[in-house]
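Structures follow.
What follows is a pair of complexes built around subunit A, which joins subunit B in one and subunit C in the other.
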Partner chain A sequence: MNALAIRNIQKSFGALKVLNGIDLTLEEGGFLVLLGPSGCGKSTLLSIIAGLEDASAGSIEIGGREATGLHPRDRDIAMVFQSYALYPSMQVERNMGFGLEMRGAGVDERKEKVGAAADLLGIGALLERKPAQLSGGQRQRVAMGRAIVRKPRLFLLDEPLSNLDAKLRTKMRGEIKKLHQSLGASIVYVTHDQVEAMTLATKVAVMRGGTIEQIGAPMTIYREPDNLFVAGFIGAPPMNFVRGRIVEGGGFAPDGGGDRITMPAMEHRLEPGREIVLGVRPENLRPIPPGVSPEGLLRFNAVPDVIEPMGADTMVHFRVGQSELIARLDGQTEVSGSAPMELGCEASALHLFDATTEQRLRPA
Partner chain B sequence: MAVSRHTRRMNLIAHGVGLGFALFSVLPIVWLVITSFKTEAEIVTDTITFLPQSLQLQNYRDVWAQSNYPSLMWNSIVTTFYTVTICMVAGSLAAYSFSRNAFPLRRELMLFYLVVRMFPAVLIIIPLFLILRTVGLLDTRFGLSLAYASFLLPLFVWMMKGFFDAVPPDLERAARIDGCTRIGAMVRVVLPLVKGGLGACAVFVAIGAWNEYLFALMLTSSAGSRTWPVGLQMMVGEFQLPWGLLAASGVISILPVVALFAIVQRAMVRGLTVGAIKG
Partner chain C sequence: MGVGVDSGRRPFTGGRLGRAIGAMSETRSWPFLLIVPSLLVILLVVLYPTLHGISLSFREMRLTRPDLGTGFVGLRHYVDLWHDDIFWRSLANTFKWVTLAVSLELAMGMISALALNREGPLMRICTVLVLLPWFLPNVVAANMWALMLDARLGVVNELLVRMGLIDSYVAWFATPTSGLLAAVFIEAWHGYPFFTLLILAGLKAIPKDLYQAASVDGAGSYQAFRNITLPMLRMIVVTAVILRVISLANSPELLLILTGGGPGDSTQVISLYAFKTAYESFDFGYAGALSVVTLLLLMVFCVIYLRVSRVLEK
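== the complex of A and B ==
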């Protein structure tokens, strides 16, 4: 059974179309991350799932039950807001138990369930405090606690970590993952941080301008992005792109001049003159020792512009034609500034996109 | 650090001006209080005396026992209570809706509320008189409260909207997911956060209704609904001016206002400095 099934959800605010027909499903116990740049409609979609906002068209099923038009209370969901939205006038304990209170649970039941959730999150000592007396990380935990107390069918999290500093964010990310595994809950999680998407999700939906560009397992999206937008959004540092055209004999000529690039033999049949975008992830580039000319590699002649040793890795910036590229090399690699080097990439790690449609080219 | 002579002179002038204005507004009240403790003979004299020879409470006794002042006071209390209640219930709901719901003509309606206040009261009194007479509420305390609400409610709604605007909407969204209705979320989650502001607005409205004279004069005619400002004015007879009584009633009448201010002053300052509402 699906924890969530959304069909053709559309939403307009006046003349502004914010969502143009969203379809997606989330299996029971799954972790769906809605990923996309600011303003693409992630929060709006989440509000519609929660029932806080009505869709202009489309339908929603939660836990196999038709939920379109249902009051938020009757959807069996809980939500964590980016601002946490803790009730400032209530102590933590009442904040967490408020949903139970509204559903008519008795004092003892509330105490027990709030206590259990507080223990799970390690906030048992904070129950008497008001939200104003908590640190950012503690508020975040209380907000999580408020969501899990009721044991809902579906959790909705809207950028729950974006107000935390980098260190705490990494820690809480781990805790959310643990929580997901121990509760076996179904989660929809909004973020524009691709690291959160990759580490947490069982399924990622990459959104842009009110549509889903690609939906699938994180590694699938990483390995086979459907188009330029998705390719550039997933991965850090982002995928390198070189625009250019196929030349006679199977090579690649980057726009704006520069050396012609040797292409490995591929299953793609690309006629000469075709304009394409070549995509290479920084981590897929590796140095080729001088004098060696292995088969099956895409080869760049690179003159390093900037070299950034990061310890484990060394980032090498170089130019091909008009494009700036980054290679993420092993930290042990000897790189000296301004000495030309040859960088190669396996044919299987190469991404090809049509220059006009920006869609992935798949072997015919 | 040495304060320059120039700065000191400016300070002196600033303090002088401030003090002058304070005296200007406080002196009449001080004079009223002093007068209320004097005997008739002391008030009407050839040479002005400032302090009474002894504190006379006779004026207060007379006002309480021998005039209809207590019933005037009671009418004022009832009228003020009605007015505040109407504003708190209707005004809070209206302000909340203005703050949260994007309905057509929202902006225009808010502005229209202000326009109502731009007309001089005299212009509205006659239509109000006719309306109240038609519905049979002329010369009643409730009718008078409705008339007060006609110009106090817009003020209340404008002020309350500001307070509601400062409350993050996510709080109500969270409350609705926790199981509240929209009204429930407002009452349980939002109102506790704006109670300082609500108190401040209620006091403004209460004072407005308590001191109002013109509407009360026109819209009430019997002792059963007459409020103290009108009653006080009617004590002024054709051949006598009971200064002592007037002063004593005046003092009693402003006491509730002073008390109200003292009670809510702190909440008001806190409420008026919006932004105090943060998680």
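== the complex of A and C ==
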């Protein structure tokens, strides 16, 4: 059974179309991440799922039950807001138990459930405090606690980590993952941070301008991005792109001049003259020792512009035609500035996109 | 703090006076020197009149009896007050008047602010309309209503008779109860926009996501009001009530125009009594004592009120 099924959700604010027909499903116990740049409609979609906002068209099912038009209270959901939205006048204990209180649970039941959730999150010592007396990380935990106390069918989280500093964010990310595993809950999680999406999700929906560009398992999206936008959005540092055209004999000529690039033999049958975008992830590039000419590799002649040793990895910036590229090499690699080197990439790690449609080219 | 730390450069180099000021500005006393002018102004316009009023209450000053002089009489005015029936009745009336009027204003202010707390151009127009009474001076509002409530030609009587709510014209200010209630109604009509304005500002400052969280938690609108809106407005309401109580306890104009304290002494409040003592009996010493008592009572009220509202918060 699906924890969530959304069909053709559309939303306009006056003349502004914010969502143009969103379809997606989330299986029971799954972790769906809505990923996309600012303003693409992630929060709006989440509010519609929660029932805080009405869709202009489309339908929503939660836990196999028609939920379109239901009041938020009746959807069996819990929500964690970006600002946490803790009730300022209530102590942590009442904050966490407020949902139960509104549903008529008795004092004892509330105490027991809030206590259990607080133990799970390690905030048992904070129950007497008011939100103003908590640190950012503690507030975040209380907000999570308020959501899990009621054991809802579906959790909705809107950028829950974006108000935390980098270190705390990494820590809480781990905790959310653990929480998901231990509770077995179904979660919809909004973020514009692709690292959160990759690490947490069982399913990622990449959004742009009110539409879903691609939806699938994080590694599928990483390995086979459907288009240039998704390819550039997932991965850090982002995928390298080189625009150019196929030349006679199977080579690739980058726009703006520069050396031709030898292309490995591929299943793609690309006629000469076709304009394409070549995509290579920085981590898929590796140096080829001089004098060796292995088969089946895409090869770049690179003169390093900038070299950034980061310990485990070394980032090497170089140019091909007009494009700036980055290679993420092993930290042990000897790289010296200005000495030309050859970098190669396996045919299987190569991404080809049509230059005009920006769609992925699949083997015919 | 940069105060007193030698920055190593001269901010001012022109002339001997300039150098002297420049040197002084590097010392620790400079910031204190800078606030002296404003302190002097405050002393002059706030402290001096207050102290003068207090000293007046210990002296004789009757314009009708210049022969008595303006000598020091100690606590005599206060002893007289203690035995003055009108004072005690005024005190009770003040209490009734202020409590009724401020409660009604608070209720009307709260209801109108909640109704106006919506988006849209229509709401902005309504807000201005609701605020209109507040723009009228006390005296204008009082005279306007005095005319509308007039026992012989008032429009209110005419309307009520036509609607069949009363049989014949009523002299609203002729009996103690209806006189007080009519005055309270007029005061509330005139003063409630003060609460509307402050409460509306408070409402706008409450984050929307609190209501969203409450709605997901299953709270209805009454529960959201009780658990979110009211606590978030607490400081504003407490402040507004204090300001309004002080201003009501101190301004006699409205009652002076509407009832003149009557019928009998039924709407005689302390501020009105003090006003009449000073400007009808020309006994400034006794009026001073009445004012000092009002001041003390208001201070006591503020302290108790703040305490109580702090206890209620917990």
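Please note the rule applied: the second predicted complex is superposed on the first by the 364 of 364 C-alpha atoms of A that agree within 3 Å, B and C clash if a C-alpha of one lies under 4 Å from a C-alpha of the other, contacts with A are read in each partner's own complex, and residues count from 1 in each chain.
Assume contacts are C-beta pairs under 8 Å (C-beta built on N, C-alpha and C of every residue); 3 or more make two chains touch, one makes a residue touch a chain.
Nothing here was measured: the structure is a model prediction, and the numbers come from that model.
*Asks:* Assess the superposed three-chain arrangement around subunit A: do subunit B and subunit C clash, or do they fit?
*Replies:* Here subunit B and subunit C cannot both sit on subunit A without a clash.
*Asks:* Figure out whether A:I77 sits in contact with subunit B (first) or subunit C (second), or with both, or with neither.
*Replies:* A:I77 sits against subunit B and subunit C alike.
*Asks:* Would you check which partner chain A:R362 touches, where first means subunit B only, second means subunit C only, and both and neither mean what they say?
*Replies:* neither
*Asks:* Please indicate which partner A:G99 is in contact with in the superposed arrangement: first for subunit B, second for subunit C, both, or neither.
*Replies:* A:G99 sits against subunit B and subunit C alike.
*Asks:* Would you sort A:P131 into first (subunit B), second (subunit C), both or neither based on which partner it touches?
*Replies:* It touches subunit B, and subunit C stays clear.
*Asks:* Applying the touch criterion given at the start, work out whether A:R65 contacts subunit B, subunit C, both or neither, answering first, second, both or neither.
*Replies:* So A:R65 meets neither subunit B nor subunit C here.
*Asks:* Considering only the touch criterion stated at the top, classify A:A85 as touching first (subunit B), second (subunit C), both, or neither.
*Replies:* After superposition on chain A, A:A85 lies in contact with both partners, subunit B and subunit C.
*Asks:* Using the superposition on chain A described above, determine whether A:R139 touches subunit B (first), subunit C (second), both, or neither.
*Replies:* So A:R139 only meets subunit B here.
*Asks:* Considering only the touch criterion stated at the top, classify A:K171 as touching first (subunit B), second (subunit C), both, or neither.
*Replies:* Neither subunit B nor subunit C is touched by A:K171.
*Asks:* Do subunit B and subunit C land on any of the same subunit A residues, and which?
*Replies:* On subunit A, the residues that contact subunit B in one structure and subunit C in the other are 47, 50, 52, 71-73, 77-79, 81, 83, 85-89, 98-99, 102-103, 146.
*Asks:* If you look only at subunit A, which of its residues touch subunit C in the complex?
*Replies:* The contact residues of subunit A facing subunit C are 47, 50, 52, 71-73, 77-79, 81, 83, 85-90, 98-99, 102-103, 146.
*Asks:* Taking the complex as given, what residues does subunit B use to touch subunit A?
*Replies:* Going through subunit B, the ones touching subunit A are 168, 170-171, 173-180, 184, 189, 192-193, 277-279.
*Asks:* Show me the residue ranges of subunit C that touch subunit A in the complex, using the header's touch definition.
*Replies:* For subunit C paired with subunit A, touching residues are 207, 209-210, 212-219, 223, 227-228, 231-232, 234, 313.
*Asks:* Given the complex with subunit B, which residues does subunit A contribute to the contact?
*Replies:* That would be residues 47, 50, 52, 71-73, 77-79, 81-89, 98-99, 102-103, 131-132, 139, 146 of subunit A.
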